[in-house]
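Look for chain A in each of the two complexes below; its partner is chain B in the first and chain C in the second.
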Partner chain A sequence: MARALAGLAALNVAYAVVGLSILWGLRGFRTWGDVLRLAGLGYLLGVAAFGVLWTALLTAGVPFGGIEVAGSLVIIGAAGAVTALVRRSTVPHGIGRPRATPILLVSAAGIALAGLYLEALFRTARLQSLQSYDAWAFWVPKGKAIFFFHGLDEHVFTTTPNAPYPPLQPILDAAAFHAMGGAEVVTLHVQFWFLLVGAVAAVAGLLHGHAPEWIVWPPVLLVLVVPRLQEHLFVPQADILVDVLVVVAALLLALWLRDRAGWRLAAATVLLAASVNTKREGIVFAAAVLVVAFAVSLPRYWLRLAVAAAAVALAILPWRIWAAQHDIPAGTPPSFDVDRIGAAVRLSFDVLYSTERWSVVPLVATIALAAAAVWGDRRLAAYIGLLSLLLFAGGVWSTVGFVELTLTADESGNPIVRYTGSIVLLAAAALPLLLSSVWRRDEGT
Partner chain B sequence: MSPHRLRLAAAAIVVVPLVGYPLVVAADGARSPTADDCVHVAPEGSTEALDLVFGRRDTWAEADELLERVRGVGYVDAEARPDGCWRWKVLYDGIESYEQGAESRAEARGAGLEAELELEPPG
Partner chain C sequence: MVVLFCVGVMLVALVWLYPQAFSDANREARANAALDQVDRELGGGNSVLPAQAIAVEARGRIPEDESFTVAVGEPRASWSLLSTPDSLEHYMRYFLLPRRAFPDAPWILCFACDRSAYPGATPVWEDAEEGLAILRRPS
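Take a look at the complex of A and B:
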């Protein structure tokens, strides 16, 4: 088991190194402190780029073996480094000491609390069994199929439940199996712990400097312990991954709307390209993020957004073509039963504002959104508000369109709770930006 | 507080708990799981679901070899499965009671196999 854990750790460090290399190519680093701050985002970028690349390669019939996995990581990392050299991106030098103000202690306390909680979760993650139906019925079997048969086994990928789901999560599972030295489904849960650590680091790192530290950490810590997430953090399914990819991309675009730094848009594009290859709803989520970014941007930025949207659309094609060639349906809602709209809206609303599932995160975020719309950054409030509404509408559409779904929050009959996770994570990630926009306005008056 | 001391305090706030917590947990007796954690020998008279396990091997090839031997003795429905702790186990899952299992175990041992009655894993 120690060997498996060491292998898994090495794989995840490789994801981070590869992603940081991409970031180096996109923006350069001034200091090693910068590298550390963006390590979480780098990790997610590494995971996303690896997943998107292998989705395309597997659909083209390229075999998935240990050497190929290592080789692909080297190639992606090298591409980032070459881009950095060609663009003459700045090389990090010096640590870049943090400013020595009392708020530094708040930041340290936030890191310590989040770190302690994640350490405790590691012990849970390494001893989890495979219990969830979706995990053992198709997510993990697909990963095993890629691991054992070195590709998209036609039988497994066309006959297991939810065949239209794209293969990015199973690809990550298969890579983890290679790193561990076997298809061991208990230790596999640790892969999801690494994803969680990367997500927390990415959000905190991105928010650094854009919101006061005392506003950044409470929402991050709160969302980590909300009952629903706590129960499902390590379930080997793609729900948390797709939410994390979309929310971090949405956060990058929220910051891009402020500073128009091209690297943010490029990084968001990679994450959205991964999200559309992770789950069906990833397409709805990515479309919502891009549509809202268009809506709140001036026309002169539309071309850049259009290029990003085209890149994301292109990333969907390999899997869609493979799926169509194998008679796998698109998986879109087959109908639209208007009689179900009222009940679907009520259900989605009840689930979103359920304190038993999400604690007070949606409620506080709604208040922060209203405050930012009135007293703070109105464009940011419009962006987060519209995006939340579109994500909410997507959940309603799913319940309305799939008439076989029961009008219940019970997950065996309707995935609305899983779907709502994206809105709640977005709320937690955006809360510091929304509140600080109100706070800073107060400071300025 | 001087900037130097402030930075030191911040570093201590991060490092002390993050290093201290795993040390305290380890000192408190929390141990790492081992392959033996997947072996649950059935207590005498158990009414739980039972398997007759003929042994565990590190590789599929070794397990397949043992499986052939077990089938050769007469357990034609025996199978090899992963045990969840990095090993392959050879077992017969048609045991319906502890008494029947104990008889089968005695027969298997009589045939030179290292059989044991184990609790069937959940799932």
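Take a look at the complex of A and C:
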């Protein structure tokens, strides 16, 4: 157990180092404080780059073993470092000087509360048994198959339920098994804990400096403890991962719309490329993020967005080609039953504004969105509003298109609750930006 | 004003939910720690399998490089409603990997199955009360 935990910790530290190396290549770091602030984003970038690379390698028949996993991490990390050296990216010096203000106490309190709760969640994840049907029916078997058979075993990948789902999550599971020294499905839950820590750190780190800390921490902490998320944080499925990848990419693009820093677009592209290889709806999510970014950008930025969109589209191809070669269907909604639209919209709306599931996060986000549209950053409000609408429409489409789904929030009959998680996480991540845009205007008047 | 209102609402919700979530996480951690090794290892199998022993015995008896098939007959009254043919097959496929599942495999995991469909197969383990057996076809 201790050896498995140590191995898993080492793997996740490696993801963070690799991702930080990518960030160093993309933007450089002025201080070690910068490195610490962006460590969460670096971690997600490391996970995403590793997953995208191995999706392509596995479809090409490259064997997936412990040495290959370590080698690939070294290669990605070295590529980031070489890029940094070629671009003469700044090397971090010193730790930066945190300003000793009352706001620092707010940050400290936010980090302490998040840390305390995450510690309790670690103890939950450490000995959790694998209960979820989807996890043992196909997600984890695919990860085990990659681990045991060193690749996309044709028998397992074509005969388990939901065969069209792309393999990025099973690849991460298989890497975790290698790091643990065996297919330990109990300790595997800790891998999902690491993803959660990375996601919290990424969102808090990205928002630092873009919104006052007293506006940043309430939504970040609240979304962590909403009943629905709490129940499903460590289910070894790809739902949380795809949501995190898309929401952090959307946040990066929201900030890119403000400062047009190229590294943000590049990092968002890597995360979106991973999201389209994580779940089928990742394609819908990524397309929505990019379409809305196009819609709210001036034409002179379209070429950069088009390059990003092309890179994401390219990243889908290896798995799609492999799936087509093995007669796995695309998995798109097979029909469009117009009669179900009204009920599907009502269901999606009820689920989204369910305080039992998401507490007040969607309600407050709706108010913040309206306030930002009237008094704050209108382009940001348009971006977040349109994106939320498209994600909402995607959920409706799925209920309308898959007629076998029941018109109910019961997850055994319809995945709409899981799907809606992406909108709620987006709301929580965007709330500080929306509210701070209104607050700064208030302060200025 | 609207900003203070939004932050205030979130703080109230946080004050309400954080202690509950923290307490739930601790309670779940204790419950997970209290599980015995087999319960924890089987996880969802505890709800699906008529008895834990068939999974544990199958893992112990079937070599990792051999294959098995799952045969399910009429469910017994004592079985869970979740003990459907699909669930049993998917669960055993997950639990027994790297052992592969093929219809003509030498090992048969029999859940109240029709044994006459497997002529010559002999039981290597059996739980007659639940109608469970691990059969081995002659090689």
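Keep in mind that, in the parts below, the second predicted complex is superposed on the first by the 445 of 445 C-alpha atoms of A that agree within 3 Å, B and C clash if a C-alpha of one lies under 4 Å from a C-alpha of the other, contacts with A are read in each partner's own complex, and residues count from 1 in each chain.
Criterion: a contact is a pair of C-beta atoms (placed from the backbone, for glycine too) under 8 Å apart; a residue touches a chain by one contact, two chains touch by 3 or more.
These numbers come from a predicted model, not from an experiment.
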item: Superposed partners chain B and chain C on chain A - clash or fit; value: clash
item: Residues of chain A touched, compared between chain B and chain C (which is higher); value: C
item: Chain B versus chain C as contact partner of A:Ala2, first or second or both or neither; value: first
item: Chain B versus chain C as contact partner of A:His155, first or second or both or neither; value: second
item: Touched partner set for A:Leu105, first chain B, second chain C, both or neither; value: first
item: Touching partner for A:Val364 - first (chain B), second (chain C), both, neither; value: second
item: Touching partner for A:Gly182 - first (chain B), second (chain C), both, neither; value: first
item: A:Ser412 touches, of chain B and chain C: first, second, both or neither?; value: neither
item: Contacts of A:Arg123 with chain B and chain C, given as first, second, both or neither; value: both
item: Touched partner set for A:Gln131, first chain B, second chain C, both or neither; value: both
item: A:Leu435 touches, of chain B and chain C: first, second, both or neither?; value: second
item: On chain A, positions contacted by chain B and by chain C; value: 116, 120, 123, 126-127, 129-131, 136, 183, 185-186
item: List of chain B residues in touch with chain A within their complex; value: 1, 3-4, 6-7, 9-11, 13-14, 17-18, 21-22, 25, 30, 32-35, 82, 84-86, 122-123
item: Footprint of chain B on chain A - complex, ascending; value: 1-2, 4, 97-98, 100-102, 104-105, 107-109, 111-112, 115-116, 119-120, 123, 126-127, 129-131, 136, 182-186
item: Chain C contact footprint on chain A (complex, rising order); value: 113, 116-117, 120-121, 123-124, 126-133, 135-138, 140-141, 144-145, 148-149, 155-156, 160-161, 183, 185-186, 214-215, 218-219, 221-222, 224-227, 230, 359-361, 363-364, 367-368, 371, 375, 431, 435-436, 438-439, 442
item: Chain A partner contacts - residues on chain C that touch it in the complex; value: 1-3, 5-7, 9-11, 13-14, 17-18, 20-22, 24-26, 28-29, 32-33, 35, 39-45, 47, 87, 90-91, 93-95, 97-98, 100
